[in-house]
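Order as written gives the chain letters A, B, C and D; numbering starts at 1 within each chain.
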Amino acid sequence: MTEPLLTIENLILALPQGADRPHAVDDVSLSVAANEIVCLVGESGSGKSMIAHTILGLLPAKVRVESGAVRFGGRDLLALPAAEMRALRGSDIAMIFQEPQTALNPLKRVGAQVAEAIRTHDPAAGREATSLRVRELFEQVGLPDPRTLVSAYPFQLSGGQRQRVMIAMALANNPSLLIADEPTTALDVTTQRQILDLIRSLQAARGMGVLFITHDIGVVADIADRVVVLRRGRVVEQGPARTVLNQPREDYTRQLLDAVPGRGTLRRAKEDAEPLLEIRGLQKTFITRQGFFSPPRRVVAAEALDLRLHRGETLAVVGESGSGKSTLARMVLRLIEADDGDILFAGQSVRAMGREALRQFRRCAQIVFQDPYASLDPRRKVGESISFGPMAHGVPRAEAERLARQWLERVGLTSQAADRFPHEFSGGQRQRICIARALALEPSLLIADEAVSALDVSVQAQILALLAELKEEMNLSMLFITHDLRVAREIADTIVVMRAGKIVEQNGAEALFAAPRSDYARSLLAAVPGKDFFERASARPAASMPASGAQSG
Amino acid sequence: MMHALRLLLGRVTGIAFAILAIATINFVLVHSAPGDPALVIAGQSGATDAKFIEQVRADYGLDRPYLVQLGTYLGKVVQLDLGYSYRQRRAVSELILERLGPTLLLTLSAFVLSLVGGVLFGALAGRRHGSWSDLTISMMALLFYATPVFWLGLMLVLVFSIQLEWLPAFGYSNMRSGTFGTFDQAVDVARHLVLPAVTLSAIYMAVYTRLMRSSLIEVQHEDHVRTARAKGLTEAAILRHHMLRNAAVPVITFAGLQAGALIGGAVVVETVFAWPGLGRLTFEAVTARDYPVLLGLFLVTSILVIAVNLLTDLLHRLIDPRVVTR
Amino acid sequence: MRDLVRTFFRRPAGIVGLVLLGLVCLMAALAPVLYPASPWEMTGVPFSRPGENGMLLGADTLGRDVASGVVHGARVSLLIGIASALAASCIGVLLGCIAGYAGGLVDMAIVRFTELFQTIPTFVLAILLVAILTPSLATIILAIALVSWPPLARLTRAQVMSIMRREFVQAARCQGQSTLSIVTRHVLPNAISPIIVAGSLTVAAAILIEAALSFMGLGDPNFMSWGYMIGAGRTVIRQAWWMSVFPGLAILLTVVAINLVGEALNDALNPRISRA
Amino acid sequence: MKRRDFTKLLLAGMALPGAGFMRDGMAYAQTPDGGLTSLLAPEPPTLMLPLNQQQPTIVAGAKIFESLLDFDFDLSPRPQLAESWDISEDGLTYTFHLVRNAKWHDGAPFTAHDVVFSCSQMLMELHPRARASFERCESIVAVDDHTVVFKLKEPFAPFIYAFETSSAPIAPRHIYEGTDYKNNPANDHPIGTGPFKYKEWVRGSHIHLVANPDYYQEGKPGLTEIFFRIVPDAASRAVALETGEAQLAGWNDVENFDVQRLAALPHLEFTTKGYEFASPLLWYELNLRKEPFNDLRVRKAMMHLLDKSFIVERIMFGLAAPATGPIASTTPFFQADLPQYEFDVDKANALLDEAGLKRGADGKRFIMRFLVVPAGEMWTRLGEYFRQAMAAGGIDVVLETTDMAGWGQRVSNWEFEATNNLVYQNADPALGVARSYVSSNIRKGVLFSNTEGYENPEVDRLFAEAAVQTTREARQERYTAVQRILVEDLPVLWMTEQRYATLYDNRLVDVIVGATGVNGNLAQARYA
């Protein structure tokens, strides 16, 4: 191996006073060579993005480089004058970001934004030459119809197309190093697959060095030549991808690998039990009126949905964004009213329920939402948020409060947590509180709407385990909404795949993974990151699950 | 194209409805006032003659039932006939039309001045967030925001007209300039415009400055600015191409909402500066209880506000492509 | 609560505002003690300059004490400002809550109504209302309230709607909590901070409107107010600048103070900033 | 644009006010080439004087329209459209000999038929004050093209004053006869016989009149043109005079407190003459229909509580004189030595005690409402002063404000307790004084009538007799008697005789030449 493209040596980044730790990044050394993809993997707060930003000199003002060096092409980037650093940005070193939605200027045409990148570093470039080059780039990144697309605005593009534009912009000046900061995290799984393939092929074609930052071990498995595992600002382990993934030396790496969902034993659907929830011909179209005369916008969220959830069963509804899966969950609880069709809960029509009947029904059917930050009232103590439920059903205040404390302990928190406010808890802890809130009403049906999607993998694994455990204990039935097939596989007996408001496939988990009946399910399965690796790995005995109920969640 | 047409059609009917509703509200409001307009005319003519008063009443339909008056009024509004001023003895539309120009000139220049000034100062302050210039601009903005408009007008007259004798203190033009070439007159009107426009725009400039400042500070932390930085753009280029326009969007949206207040402010400013516009006509009509003029004025000013709203909408569309299809 | 106070006092601007506002309130409260005589008392020497003839801020054309007027004027300005802001808040919050909670046709009707009120040039409307109803404290307060509520209604509606969409409210609905319980326990406490801030800023705006009305001769003639003093003094500004300068400064300082306090309150009530 | 260019532009823009562009604007203070810029406020509704007689209409319209006579400072008649006139011994026949060379502004000759048409038809329909005058006529006849004879039904001494310009503006018969007067297109382009012709009217800004080259008086007018600058704001008007942008102001154009300052300016001339015809009297008016104002003792007490000199000095800033009774000292038949009510708080309190109005625990006897006249600062001050003055007698006054319409409605419909009023004397007690006190003029809904509701048969009789007497002595006798009764009865609380300031550029001469001052035609005014 020749001289590496990028070398980071003993980098220490100091956080401002009052942060949870003194150093965002503590003594990190790594290198990226030409023509290789180095994955920087870690959970949230591991400092991986900080490292990326340090390279380009884009650190927020509060964070200070305490010591260390970042060498690129023989120069220490940390000591480079501002003008030279600027000349490097976007030309020799380019970067793409996580949120293509916000990373592009919403008010400028995408073509102009790419052209700007070219002209910034080559002021002499003519108009014609530049626009030609932009179209070339658009073609290279696989954007359809570049000629018209260059004059589109970001909001007119899909998420994947935006990310392709970002990549085109990054490649505009033929960088030797590309830094990709979670470039696929905000994308649907099939789109993620395409973008990963694109980065891979472009890298290979151009011989670029790529520093790829991700939290997803699956993605690492798919793309990395070498891996650097980061935890709380420190390098845990680094080495060639194959070695690190197959023979992890460190416990943490192993934990990360084990936490990846969808590798447990498959469950078998219990066909024989009676249905608790039955949905027939459910219909919902969202119509947004824009005026008296303009045609209303119609979005079909549910079209003739039929499904059954048996007692004690876990049914996962899987689909990409916009498939209508969350609307389905809300329609069951009548948080959104359906247009047509029937929802039967234990034989009773939910849609026909009056106010009081609905109240009683909701007691039996509880929900846990995706965003643990939005789903707790920031101005109420956690204990109150839980105890209001039983109180609404006639439980005396003191008893309700006792129940709240009891449930907090049950989901792995202390009973003192009841007296604290939501902002004092981490995301995983909040999700535990939400589960406690839902279960305090002793429901028979629990709806989990992307309940683990916002969490780090290790926490995700813990929450999934907790849910599984509680489900057994309380004989719950669960409607589990997720975009992640791996999670569905982890927890579900039956899986329903939705796309654009329609059910594409309804199948036992085992059957679906073994032999998907629909093309769409097949493409979803194929797109799961790290699929090949884990399939190979699952041939070997799986590492043990971490214990549930840990306070660290 | 069809889409745009439909949008326009929807807009127009919406405006028509709004105008009719405003017309009705105005009519009810103005006519619930105490004070007999017939008496005012009579009194001001030095009349001591009951017959004369009856005559005035008959002349202007004031003796007919309330609902008939309203019906007649609405019917006329639909035909764009705003009635006849008994005090001024002229058609209301004529009165309003001849005052419309100066008011448009004043409010539009104040609008543009406040917007441009606000965006400029706000950008300056927001860019150097926390610096001395930021502190100074923010403080000035706060002070101007808290200054009563009429008071500011007086101070400006005191300083620029009376002390320094730079600018005329009042009026629309030096009447003799009207006989000369158009350029002279334009210069003359422009000189008369300076103080009232500055006075009227001050408070809004302060508002927009504050808004622009916070908007810019917010934009500074947005992802696409980081993207621009990662592209290697200079800070100046980032400011110009990726921050100013984005930060100005909420300011412009807000400015549209302020159009009504701007015309309200014009009443005070036009009175202080003897600016012969709709604002002054409004005050004169209120004190003279000139019903037809008041009704016409409220209608026209409301239409003006709607027009300004449309204008800002257009501006918004121009700088924010997302609005068009949304 | 302690958080709130601490954040509030972390901003020097907030402290300055509070001190200024405190002074104005003190002035209003102590008016009968500081100047027991009526501010209309015409006993001084007309056109006394500040400091002359025992009058701190000079006398007006009739020999009335400007200082006494400024002190007594504080009562009226604050009274009108606070009362009309409260009235506007009542109208605005009620309509906003109904619109935001009810949604649908009710919402649309209220929104259209609000828009209509915003389309009518507000100050012109205020002039008209006061002129129609004849100027008195009550009518001025009513007029200012009637032109000030639309922004509060819009804000409340937006707040309520955004809170209603938040998942914790949906969770509360799923828990079976009653509508009243949801609104009082979850929606209002979360929606109220910006409304309080906007309400406090409405006080400042109301004081300015009152001043402009009084300036145009539409004030309550039985109460000495700052706007009236400027209106009475502006014509003699060359002979007696003090007649309009001091009440003008009083308005300026009060409005600035309320704005500073409002901003600090905004920061203090904003959980993102206060608990950061 | 490059950044530097932009900065340059910005700097240039900021430097502008200091540059020549701005300074040369002092041009508005230039010598107006024989033209005059006069202030006018508020904007008149029309210039068609026969149609409307509001103050600003008169000021501007009287340069275009004329009547038969003009009046000297002592109110003696002078020729205008009438060269000479005779009044018969019995006071019933007025014969006017008209000027022979007068032409309308459109070139048509002015004749006696215009006068007959105006006085017997047009003004009878349009002009309430003229109607009151010419209703007294048995006939109005044009003897020839230049002689008109008015025959009265019974003698009316002040009839001669009916021929003042604003009282009977003569309109062109050839344009108005047989038309709808109010909607005649000529109203927008008024045609008179006056020294100035209508040129242009930019609404909200100014009215432009130019000299009439065919004016019937040789060598007049002395000015080439007149601009009436419409400035609603008093402070702005003062600035206009100060900077020389305007050269003439009359009536209330300048607020009283500003008069002294402006009068002292070297380029301005100041006079209070020229308002003798109007001679307005200002008083506090009480609604005598209501308790306790129907009690003479209360009215007397209030009179003792009011300090006229305070009003004259502090509210009018010297532009007034204390009024001693119902007739102003500048109006004929004024009686000088009437008993007066001196400023005396103790006496007032004694009178109030006597009237049985005891002070309550808070020191207040009763609460009354005072309706402030919504016509400007002076009126507001009068209200504020009234409240303070009454407080000394334990009377608690609450001020009410309204707009002009509301004020007119409430006063004329007797829905008030107290207010101010200001009434023109119109050169003769029979025209401007009697109307406020005779019981026949208690007319609901009519402003400037006997709104206070005073009734005294003796007063009615004396006024009626005085109007039809033909000798000065006989009239004086009755007016003296009526003045004595009224001063004792106090139907209203007379305060001041108003004086008005006329300010004009000191290069102008012969601006104010008669009893109607700035309401005159300014034919003689010129630059020295």
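Just so it is clear, a residue touches a chain if its C-beta (ideal position, glycine included) is under 8 Å from a C-beta of that chain, and two chains touch if they have at least 3 such contacts.
Every value quoted in this text rests on a predicted model; they were computed, and no experiment measured them.
J.: If you average the C-alpha positions per chain, which one ends up nearest the average over all of them?
T.: The most central chain, going by mean C-alpha position, is B.
J.: Centre to centre, by mean C-alpha position, how many angstrom separate chain C and chain D?
T.: The answer is 43 Å.
J.: Would you mind pulling out the distance in Å between where the CA atoms of chain A average out and where those of chain D do?
T.: Inter-chain centre distance comes to 85 Å.
J.: Averaged over CA atoms, how far is the centre of chain B from the centre of chain D? Could you give it in whole Å?
T.: The answer is 37 Å.
J.: Report, in whole Å, the distance between the mean C-alpha point of chain B and the mean C-alpha point of chain C.
T.: 23
J.: Listing for chain C: what residues touch at least two other chains?
T.: 131, 134, 234, 237-238 - these are the residues of chain C that touch more than one other chain.
J.: Send over the residues of chain B in touch with two or more other chains.
T.: Counting only residues that touch two or more other chains, chain B contributes 33-34, 154, 162, 271, 286-287.
J.: Residues of chain D that contact two or more other chains, please.
T.: In chain D, residues 235, 374, 402-403, 406 touch at least two other chains, as defined above.
J.: Which two-chain combinations qualify as touching?
T.: Contact pairs between chains: A-B, A-C, B-C, B-D, C-D.
J.: Enumerate the contact residues on chain A facing chain B in the complex.
T.: It is residues 56, 58, 86-91, 94-95, 97, 99, 102-109, 116-117, 120-121, 153, 155-156, 166, 169, 290-295 of chain A that touch chain B.
J.: Mind listing the chain C positions that touch chain A in their complex?
T.: 166-178, 181, 185-186, 189-190, 271, 275
J.: Name, in rising order, each residue of chain A that touches chain C in their complex.
T.: The contact residues of chain A facing chain C are 330, 333, 335, 359-360, 362-363, 365-367, 369-371, 374-380, 385, 388-389, 392-393, 423, 434, 437-438, 441.
J.: Show which residues of chain B lie in contact with chain D when the two form their complex.
T.: Contact set of chain B toward chain D: 33-37, 39-40, 42-50, 52-53, 59, 85, 87-90, 95, 98-99, 102, 154, 157, 160-162, 165-176, 178, 187-188, 191, 236, 271-274, 276-277, 280-281, 284, 286-289.
J.: Which of the residues in chain C end up touching chain B in this complex?
T.: Spelled out, the residues of chain C in touch with chain B are 115-116, 118-129, 131-132, 134, 204, 208, 211-212, 215-216, 227, 230, 234, 237-238, 244, 248, 251-252, 255-256, 259-260.
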